[in-house]
Each structure stands twice: as C-alpha cells, then as structure tokens.
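Both of the next two complexes hold chain A, though its partner changes from chain B to chain C.
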Partner chain A sequence: MRIIAGVSVLDNRVVQSRRWSVTQAVGTLEHVLRALDRYEVDEIVVNNIRREAVEVKTSLLASIRAAEVFTPLSLGGGIRRLEDFDHYYQASPERVFFTSALMNQNEELLEYACSVIGQQGMIAFLPFKAHQHGALFFNPSINQFEPLPPASQRLIRTYFDEVVFYNTEAEGELSTISAITSAVASIAPYRSDQNGFIYAGGIRPDILDALPQIADGVIIENALLYQEEPLKMRQLTGSEIV
Partner chain B sequence: MTVKQCSLCLYDESHPFGLFIDDDGVCSGCRVHQEKYQIDWGARKAELVGLLEESRGKANGKHDCVIYVDSDAESFYLVYLIKKVLGFEPLLVNFNDYFRTDIGHKNLNTLRTTFDCDLLNFTPKLSQYKKIIKESYLKTGNFFWPIQAAKTALPFNLAINKAIPLVIWGGHQGMEQTGMFSHHDYVNMSQWYRSEHDLFGFTMDEIVSGSSLLRKEQMSHYTYPDNKKIIQSQVKGLYLNNYFLWDPLKQNNQMLEYGYTPEYNASTFDYFDRSGSSVYFNVHDISRMKRTGYHKVRDHLCREIRHSRISKTEAIELESFYNSAERDPKPFLKWLGFDEDGIKWFELHYFKGVDSPSVSRELTLSDKLKALCPTPQQPQKTFLLFDKSLYLKSQR
Partner chain C sequence: MNRVGIIDVGVGNIHTIERMLQKVGRFGLSIRRPEDFQQCDALIIPGVGSAASFLSKLKHTKLDRLVTELSESDIKVVGICLGMQILGGTNEEAEGQNGLNLIPYRVVKNENAGGIPSHTGWMTLPETSELRQQSKAERVFFNHRYTCVPDAELDYEPLFNDSNGIAYLHYQNFYAMQFHPEKSQHSGLNIMNNILGNL
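After this line comes the complex of A and B, so read on.
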C-alpha cells in the first residue's frame, strides 16, 4: 500500500484542514515539500484550496520548483479550464487531479488533459461525506455536496487512472481502524475495478502498522508533520529497530 | 490587501509562523488556547508518566530523559516538573552562547544545584562562534541561527549517543502563539519544524556558503542527526504543553520559590522569559521588529490576553509603552568586532526606521498581571563568557 502525503495549500501557506474546514497555518510549501521528500513518502499530493487566483497558482508553482523534490508530485485544485491545466503542467507534476471537471462533466478539459499527460497521470479526486443513501460528493464549483453524477462513472473509466476518495468528515482527525474500514465500505458502490483506489481521511502515521490493505494507497493529511516519521526508513528497517 | 487582525488578541495574519483567522474573526492561536480548558490534564499527565516510564525502561539506567536548559525560568519549570513533580531523573544540557549576564549565570547554576542534576555545558570555540554569528546575522538578518541550531541539535545528539529515548521541551512556540497544531495532535519535535521555524528556513549550507572562514565539517554541534540515526535510536522530542495546562507567567512565578532570580529589562513586563541574556531583548528584539514588524512583548501580551489577565485595550497601550523602550545594539556589535564606523553604518542602514516613538505615560499593569510580576534585579555584568560555577543556597 503506497503512503502518500497530502498537503493543502492556501495562499502559498500549507494549512491544516479539519473536517473540510481550514483551521491552522503550518508552514511554507517549499519547506514542507522538502521535509516530506526527506521522509521518503511514495508520493505527495498538493491541493491548492484557493481555486481562482492565477497569481496564487504562479507562486505555488514557484514554491514547488524551489523545493526541488524528487518524490513524485500530484497537483490539483481549481483546474477548470484548459489554461489552468497548462499552468499546472508547467511544474512537471507526475499526475494531475480533477474534481470540478468530473462533477460538471467537463469532458473537453478531461480529454485535453488526458491527451497531454496520459491516462496514467490523471487522478479523479472525490471528496465525500457519508449519507443515508451512500455518499455525497463535493462539487467545488458550487461549494456543495451532491450525488455523484451518473455520467461520472464513464468519465472515470475513460480518462482516469486512479480515484482518490477523500473522507471529508474524518479529515485531519485520528480515525480508528474500524471507522476507516467502515468508511471504505460506504464508498464501495462508487468504485470500479478498472481504476486504482486511494483512500484519505483520518489516517495517521501511528496506525499504519495496524492498518489492513484497504486500498492501493492511503493519503495522510499533514499529519506527517506532527511527528518525526521517516516512513520509508521504517518500512525498510521494520518497525522493531534495535 | 488588508491584513486581518484577531478580534481577541494582537496577532494578525502577517505573523511569521502563519496565522489563520476564522469567520468569527478569531485566530487559530486563540482557538487552540481555548482547547486548554476542555482537556483532561490529569489523564494527559498520566500519559506522560507512561512515556517517561517507558523511556526509563529503555534508557541507560542513569538518566530517564534529556532536557535542554538555559538561564530562564522555563528551564527551572521543566526540571521542576520532571524531577520534583513526576520523579524522573533528567540529564541537562546547555549551550554557552557567550551572551549571558551575571544573573543568567547565577540562575543556570542555581537550577543545577537546587534540583541536583547532572548538567553538560557545551561552549563553542569563540573565534569560530563569532564567525558563524556574523554570517548568520549578515545572511538571515538574525544572529540567533547558531544558538537555535545548537540548542535544538545538542540534546538530540546527546540523547542518541547516551541511548536516552526522550528529549523534553517546554511549550511549542507554534502552538502557543499561532495555534499551528492542536493539543490533540500531540506534535513532537521534528526536523521539519526545526528547519522551517526554529532556524527560520535557513540551512547550514546557506549559512556557511561563500564564507572561506567556516567549514561545515567543524559545525557538528549545530547539526541535527539524520533520518537514519533518528529512526534507529527511536528518540522522540516531547513538548510539555501537550501534557500540562501551559501558563508560562504563572508557572514561572512559582519558580521564585526554587531560587530563580527575575532579571530586569526595559522591553517587557515578563522578567522570566528568555531572561539572563545580554542580547535577547536588545539587538535581537530590534532584528525581530525589522523581520516581523513587532517586538517580543507582543507575544507576552497575546499570551496574557488569552489567560484573561489583561484586556486587549490594555495590551495595546502596554505594547506602545514597551515598543518605545530603548534597545541598544551597540554592545553586541562591539562584541562582534565592529568598530565605531561599522556600528554607525549598521545604525544608519540596518536599524533605520525600526525605532518606535517614545511614550511618556506611566506604566500601569493590571492587578492580575502585577501579582505575577515580581520586582526584578538589574544585571551588573553583561556578555559574560564564564562566571563562577556554583551558587549555594546560602549565597542567594
């Protein structure tokens, strides 16, 4: 199971978000990326929360370049037009993720992005919350949760490699193993065997050892910065180090 | 773009740590402070005792944890908590920054003798130390880089070398000031925090680059252990504000009973915090104003507002009062080797515009604050390289 670091960025500051609400400023993107690179996570997902301003995206890209990280980087947040995608693509991310384009079935954008970066570089990023009839998914362009549009399943299969299911209600919290497995079960109807599956929400480094193989990868949101956790080192040397 | 200020305290969004202000106009620092009144501190204390017991089981048998100490009252409080309250044996370590006053030396030595602890004192070679201080000052605008680097690296390296699994720190500045982390995060010391916040984002390479006088290989006492050493040793750095309701002025005041001597400085009412330094509330406070737009007293005032000992209105008045205090950079610049012309250049170009207008009002502290601020002593000697090493109780 891949260990992915999730980083939320607001106005070039890395912020902590809890239950889908920004609460704390943590540090600068450049330094946080360098730290996560040192911790040897498998991948870093950088989510730009301030979706609209182009100058913010420019400073974000400058920070990414300055950090000079070697860890594969996924980038997204606010890609609603072809030029938004082009802008992010300048940072040479391994992968780019989309939410609004999928929720609003902007097939022109998805087709274009897929033709440029390739399907292996396309991630569907689906923030969700549990609902009595399954789950509701966040649509950033209307700032609301809504049912997943029926056409989205076809778009995911056609254009995307992996899907991130991001549990907004557990974001930034410390979930139990049973809460995580139950949340994973609640999104089972929305998953497809054709796409890789990444789960996020409430996962902290200290439960990784006990966490069963629930997905192809898990995202740890900012929590890697709470503790000294050189993850790769731990995986290589085993948790019982003398 | 206007900078939003917290509706409760004096901090605004330009705080160097980063600060988030919510829809109600309250900053993340004030929000995280409010958590203090909802936490079961008895349970937290028991958690810490568990961790210390575990550490004692794995340690070398003589010391249960490592604590970095200085000449300020927080050092007294940390040792008091670990040794007197919880009954564990710390190994103390200190970095001689050459800036100590006579009161600073007295406090450090009183701490050692009162609590009867082993103390390792590291004194860097003065010639090299002055060079790195100068490089740090010229490159970062802050000469504290080497001091911060050493005080964060020494205890960790010592803990690893002596196989002691815990390093104990006091309050986490990022949490206490801006609410960078919640108490529920149990944040530990990390390379990232040290690098980005303790060391202002500058690396050793950046400090020594371009200097023919400094060699990185000679700087091991400023260097934090690498990932491999940390993970193999399993040493952790814990912050005590995750385990005790952190109220520095109140807890530091209790240390008077253990022989702590409060030291006067004109820049704040808090004679406990960072005391014993010839530079902290002088040239360092000027540099802080230049870099961040405010003096250290703002941190003290925000803390006191949050602990309900002063109102925001009183804090604004007190800040303008203390901002106008004279902070003299000359002794530091002379110590560093600048001649009169150099000092004039610095004053003209570097410190220009940092001075605040003088305030002629009388100082009035609220009764709640006054009760915790004792009459301080004036230091007689500054920039002391060494002082006599033992203060017996009868000599206080």
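After this line comes the complex of A and C, so read on.
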C-alpha cells in the first residue's frame, strides 16, 4: 500500500483537524511540504479547506511552488468552476481532486478537467461517515452529508482514476484495525474495479505494519504529521534523507 | 550551463520539469514554437495531460515537426509519461490520432496489456537493470491508465513495469520513460542527471 501524507490548509497555514473540525495551525504550507519531501513520503495530498477567495488560492500556489517538492502531489478543494481548475493546474500537480463538482454532477467541469489533465490525473475525494445503511457523503455545496447519487457513481467510473474515501468521523483519531476494516466495509458498495481506492481517516503510523491490504493506498492525515511525525514516516517508508 | 528545451503547449507539468533541471544544474527553456529550440542542447517532452489534447496542440504549433527532425540528429530527446506515449504509433487514448511514429510501440489501455486499469504507485528498479546501475536510482513513480507495448520483434530491450508496459527505453537518441522522474524524488534526479550528463 502507498503511504500518503494528507495536508489540510486554511489561509496558507497547515492545520490539524479532528472529526472534520479544524483544531489548530501547525506551520506554513511551504515548511510542511519541504519536510515531507525531504523524508520521501510516497505521495502528498494537499486539501485547501477555504472554499473561496482567489487570492487565498494564489498564495497557496505560491507556497507549493516555493516548496519545490519532487514528490507526487495531489491538490484540490473548492473546485467548482473551470477557472478554479485552471488555477490549481498552474501549480503542476500530478493530480487534482474534486468533491463538489462530483456530488453536484457538474459534468461539464469534470469533462473539461479530464481532457486537460487526463483521467489518470483525476481523483474523486469523498468525505463520508458510516451509516446504518451504508455510508453518507459530504456535499460541500449544501454543507450536509447525503447518499451518493447513482449519477455521481457513473461520473466516477467515466472521468476518475482513483477515489479517496475520507472517513470524517475518524479524522484525527487513532483508530483500531477493526474500526478501520469496519469503515472500509461500509463503503464497499461504492467501490469499482475501474478505480483505485484510497482510504483515509484515523490511520496512524504505528499500525501500518499490522494493517491488512485494505486499499491501494492510505492517507495519514495532518493531525499525525506535524513536528516529529515525518521522522516516523521515514522509518515506515524505509527512505533515506537526500 | 546546458540549456534544455521543454515542450510547452499549455498542458503538462512544465514547472516541475524546470525545477528538476535546476536541481541537476541545467537551465530549462520553454519551447512554444520550433524556433525557440535553436539554443538548446536537449529536449524534454513532459507528461501530464490527455493524448488527444496534447497531440492536437503539438501539431498546431508545428512542434511535432521539431521532434521528428530531432530523430535525425544525435540530440537527446526525453519523453516522460504522455511525452513518451506520443512518440509511438497507434494510440487508444488519442481519439483517432496517431502518435509521431518515431519509436516502434503502440499505446493501449493498461488492461489491454494485461495490467490493472489504474497503475499508480512506485516501482523498485531491478538491481540488474541498466537504468539502476547507471543512474543509482532505486524507485520511480508511475501514474497512468495507458501504456506502451512493443509493436514487434525489436532491436531494443525495454524495461517493463508491473502493468506489462514499457517502463523505460533508450532508443537511438530517445529516452522514453513511463514513470515521472520529476516526481521520483532523488531517484528521478539521478536518472535525469545521468541522461543529461554527457551533453
């Protein structure tokens, strides 16, 4: 499994969040990206929490460029218009991820983005919470969890490469293996052989060795990635400092 | 400092390629039309995007002719991911367009080569591979849904990846790589430095 570092950003500061709520800032984006790149984590996912303000996105892109990372980088958050996508694409991310456009079936935007970056560069980012009948997925446009529409599932198969299932209730927590496998089971109906599968939420570094192959990759979210945590990532990935 | 041209048709990860070149002591120069290449010692065709869009823009800017002309020279041409794929022939992603037919391979969906639809992740280079031995690279990063497969019996020996496609190929003055050196951390830098080392 790929070990992916998840980084949430608010106003150009990397923030910790727990159960889908921001708790505290932990450093500048440039600093955190440089650290993760130095420790050679497998991939980095940067999620811009702020949903508006072009100037915020501009400073975010400047930080990404300044960090000069040579690690695969995925970028997203608040992409609802063609201009939003174009803006993010200027940072030369390996991949771009979408939530709102997918939940609201903005096919024009998805088709455009796919034609520019290619399907291999398209990630569906689905924050979810387990529900007695399966799972509910977060729709940022209405700020609510709702069932995943069948039309959105079709769009995933048509335009996307991988799907990130982000367990919001476990974010920032230290989940047990049984809790993780249970959460993975709740989203099983939404998985497709055509798409890679990334799981996030409550994955802590010290259980990775014991964790079964639950997905193509797992994201260790930002709550666990500040200060000394990159050192643990380094030990886990077996990578050496350049 | 050597100048390395980077094909720039508005798609592809130009900035990361530029940074990679800086890191290995070269200067990246954006190539938007054939005349821009006159001062360059090598050419990189970058690799993020879709084949149809990339090929159309390449033809519109006449940069396809530049690449074809370079095949008659000893100037090094590096094709990365999509930039590798457009050097081949038929292309299942390109909506009826063919590649530049400069290297005898074709581009098919991963699953049509026996791989999984989405091949994303790292590959540890075999210790016996020339690429690893020459560049001291250890692992490289892939992200692709289409892959290059040889057309026929060939006079070259490619390195294959675990999606049964060509991972790396040195063919005449072309260096074609399905993986992303600009995203492969110190291994990617070593590979690029090794290729560009003898300019």
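As a working rule, the second predicted complex is superposed on the first by the 223 of 242 C-alpha atoms of A that agree within 3 Å, B and C clash if a C-alpha of one lies under 4 Å from a C-alpha of the other, contacts with A are read in each partner's own complex, and residues count from 1 in each chain.
Keep in mind that, in the parts below, a contact is a pair of C-beta atoms (placed from the backbone, for glycine too) under 8 Å apart; a residue touches a chain by one contact, two chains touch by 3 or more.
Please read these numbers as outputs of a predicted model, since none were measured by experiment.
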item	value
Partner chain(s) touched by A:His31 [first = chain B, second = chain C, both, neither]	first
Partner chain(s) touched by A:Asp209 [first = chain B, second = chain C, both, neither]	neither
Partner chain(s) touched by A:Cys114 [first = chain B, second = chain C, both, neither]	second
Partner chain in contact with A:Gly217 - chain B first, chain C second, else both or neither	second
Touching partner for A:Arg65 - first (chain B), second (chain C), both, neither	second
Contact residues of chain A, present in both the chain B and the chain C interface	40
Residues of chain B defined as touching chain A within the complex	17-20, 22, 28, 31-32, 178-182, 184-193, 195-197, 201, 227-228, 230-232, 234, 236-237
Touch list for chain C against partner chain A, complex	11, 13-16, 19-20, 23, 48-53, 82, 93, 117-118, 120-122, 141, 143-145, 180, 182-186, 188-189
Complex interface listing, chain A residues touching chain C	2, 37, 40, 42, 65, 68, 70-73, 90-92, 94-95, 114-121, 161-162, 193-196, 216-217, 239, 242
Residues of chain A defined as touching chain B within the complex	13, 15-16, 22-28, 31-32, 34-35, 38-40, 174, 223, 225-228, 230, 233-234, 237, 241
